[in-house]
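Following: one structure in structure tokens, then a few remarks.
Going in written order, the chains are labelled A, B, C and D, and every chain counts its residues from 1.
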Amino acid sequence: MPDSEMTTGRLEAFSDGVIAIIVTIMVLELRARSQPTLAALWKVTPIFLSYGLSFLVVAIMWVNRHHLIHAVHGVTARLLWSNLYLLFWMSLVPFVTDYLGKNYHEPLAVALYGLDLFLCSSALYLLRIILVEQDSRDGNLADYHRSIQRKNVFSAALYLSSVPVAYLSVYASFFTFALIPAMYFLPEKRLAKQE
Amino acid sequence: MPDSEMTTGRLEAFSDGVIAIIVTIMVLELRARSQPTLAALWKVTPIFLSYGLSFLVVAIMWVNRHHLIHAVHGVTARLLWSNLYLLFWMSLVPFVTDYLGKNYHEPLAVALYGLDLFLCSSALYLLRIILVEQDSRDGNLADYHRSIQRKNVFSAALYLSSVPVAYLSVYASFFTFALIPAMYFLPEKRLAKQE
Amino acid sequence: MPDSEMTTGRLEAFSDGVIAIIVTIMVLELRARSQPTLAALWKVTPIFLSYGLSFLVVAIMWVNRHHLIHAVHGVTARLLWSNLYLLFWMSLVPFVTDYLGKNYHEPLAVALYGLDLFLCSSALYLLRIILVEQDSRDGNLADYHRSIQRKNVFSAALYLSSVPVAYLSVYASFFTFALIPAMYFLPEKRLAKQE
Amino acid sequence: MPDSEMTTGRLEAFSDGVIAIIVTIMVLELRARSQPTLAALWKVTPIFLSYGLSFLVVAIMWVNRHHLIHAVHGVTARLLWSNLYLLFWMSLVPFVTDYLGKNYHEPLAVALYGLDLFLCSSALYLLRIILVEQDSRDGNLADYHRSIQRKNVFSAALYLSSVPVAYLSVYASFFTFALIPAMYFLPEKRLAKQE
């Protein structure tokens, strides 16, 4: 029992470390292009906005994972590897963010951003399935998981839809990217009724 | 109870990770410009000085946050997100530091530096308001918070003032930037009387 | 007793921090070469694949070290330094990964990648020998260590063989690099029988 | 009591995070210069050697700080800031390492490397003085501290001497840089007698 708890702690510490670095190195790209004029600063705005969006998305994922792993008592190999699978796609967020910031009018960059976030949210969905199986004893928790999973499926579907949509209109994809974080800040119950 | 304590620990560990990375990646820019002559090294001095200043400012914020979160027993969603809001503005410190170091004679770079530090210190102020609400039971702590908040409001106001002042004289803004860290090293009681 | 446990915790926290950074900074190189065309993206594919491979290799090492240190109760100087020796060679993984991704058809880059992974896995082997000596009391654990050590020796030998093989055919070395992670996912007992 | 212990833990976690990043980002510079020929790789050798040396030096400092803070029960403001002072000079190690690796035949680069390591080791000495004052009760510990302090003073003096010596012969300074880490691996008692 104390043995497995320590393991959960380390899984968390390692994952938090990776996420902390992901969040912080995204800002490195802003520096590369700094000229001391307002016009030059203005051109950096899309990079700044894509950084802000990704910071928000990664923060939401962090908060979600937090509630998730928090409930677990033992770390199985399946849990370990589905967590690493999630971290892999999250580690690509700085790349797709930078790509989006530099080429925000190009469908390819928008589609790639949507694709990576789809892979992240589907990995988060997978991780939760494994956790629910493992902790199926507790009825209240199962209800809680089901409510969150609806949100996860919904946002994964939206991110997936943003990939082809980007070739019709990048702005429609941007709207989707802005909508999904907003969804997570809606009170839990209202959302459950709306669906 | 043990549940919420672990959450505080993780909030701290994640925040500390982000702050540790912020502090360390600022030095990356120094490397890019290294030529083996004293003249070349001399030209890097403003970057070094702006790095030193930002290291000090971030360290003070870290020490402040430390005393802050330390007192809390439970992590609410409001606390979580106001902490992430603070980390977002702190994560931009490497960018504005680098921008300042390269263009220290440009009002725009000085104003941007002041603006980001204003956003950081106002986020720190907001975080403390939420904490005081949450822990309003303990009278002694409330007194302690009020004393620190005066410093926070004061330094936030100074940082905000440095933004327009930079367009009159960048040196006046530099003076402000140097003054605020010094203020935190004054003994607590003397400052309370001076105000 | 609680004293030594804290030490193990810190050893782990530090090592996890280093590994988390290794995993995350590897992605930085992907960003440097981003052009908004499919053709340009296609050219980044080898860098992406070498990143994916190294992420997997480092993750397996992390999981291995995890089970390893987890079993220890006290940190000796020998343990500390053999762990740092492992971290040193692991810290070079981002370099050899990037080198491989950019020059995947060059025997030199493939050989260097194999050499660093050989040094990592032999360091992991060394670390385990020191641990087995230290914890030789527990019979069950010794059996467990022996089973893992067989895998470690085998993979170290394969990595070493990939160095000269790269000069015959880089594809043979790639096959080795793909084979070793796969080996770790085979169930423990079947592998023991196969050997 | 549990309050102050948690504080020590966080001080450690933050410091370990900074040191883990310092150690890992030093390798970034190796990547920038990768060409797929042995001749090009050969030219990277000084950067690799200076990286190896700095990894060793930072690792020794980490192990030293580890034994140091481990003994403390409460974190005072003086301890906090002398620790941050040490981290500041340590955070410059990646810069001076890179500078040395690129310009290893230039006295300026060698002197700068020696200067930063002098500042680090004198900060470590200062930190230990504060700790000895704070924990002067325990006689055995005081003896232990005194023995380590001799090493610290000696290595700080050697690093300081390497600054002017670099202008006579960079190789004499390199010899000093190699000597100091070796000194730390000598058994404790023999060294005490030799002095």
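Going forward, a residue touches a chain if its C-beta (ideal position, glycine included) is under 8 Å from a C-beta of that chain, and two chains touch if they have at least 3 such contacts.
Only a predicted model underlies this, so the values are computations on that prediction, with no experimental measurement involved.
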Interface residue overlap between copies chain A and chain B, same or different (over half shared): different
Taking each chain's C-alpha mean as its centre, the one farthest from chain D: A
Gap in Å, rounded to a whole number, between the CA centres of chain C and chain B: 38
Rounded Å distance between chain C and chain D, as computed from the means of their C-alpha atoms: 27
Chain A, residues touching no fewer than two other chains: 13, 17, 20-21, 25, 28
Chain A partner contacts - residues on chain C that touch it in the complex: 12-13, 16-17, 19-21, 23-25, 27-28, 30-31, 34, 36-38, 41, 52, 55, 59, 62-63, 66, 70
Sites on chain B touched by chain A in the complex: 3, 6-7, 10, 13-14, 17-18, 20-22, 25, 28-29, 80, 84, 87-88, 91-92, 94-95, 98-99, 102-103, 106, 108-109, 112
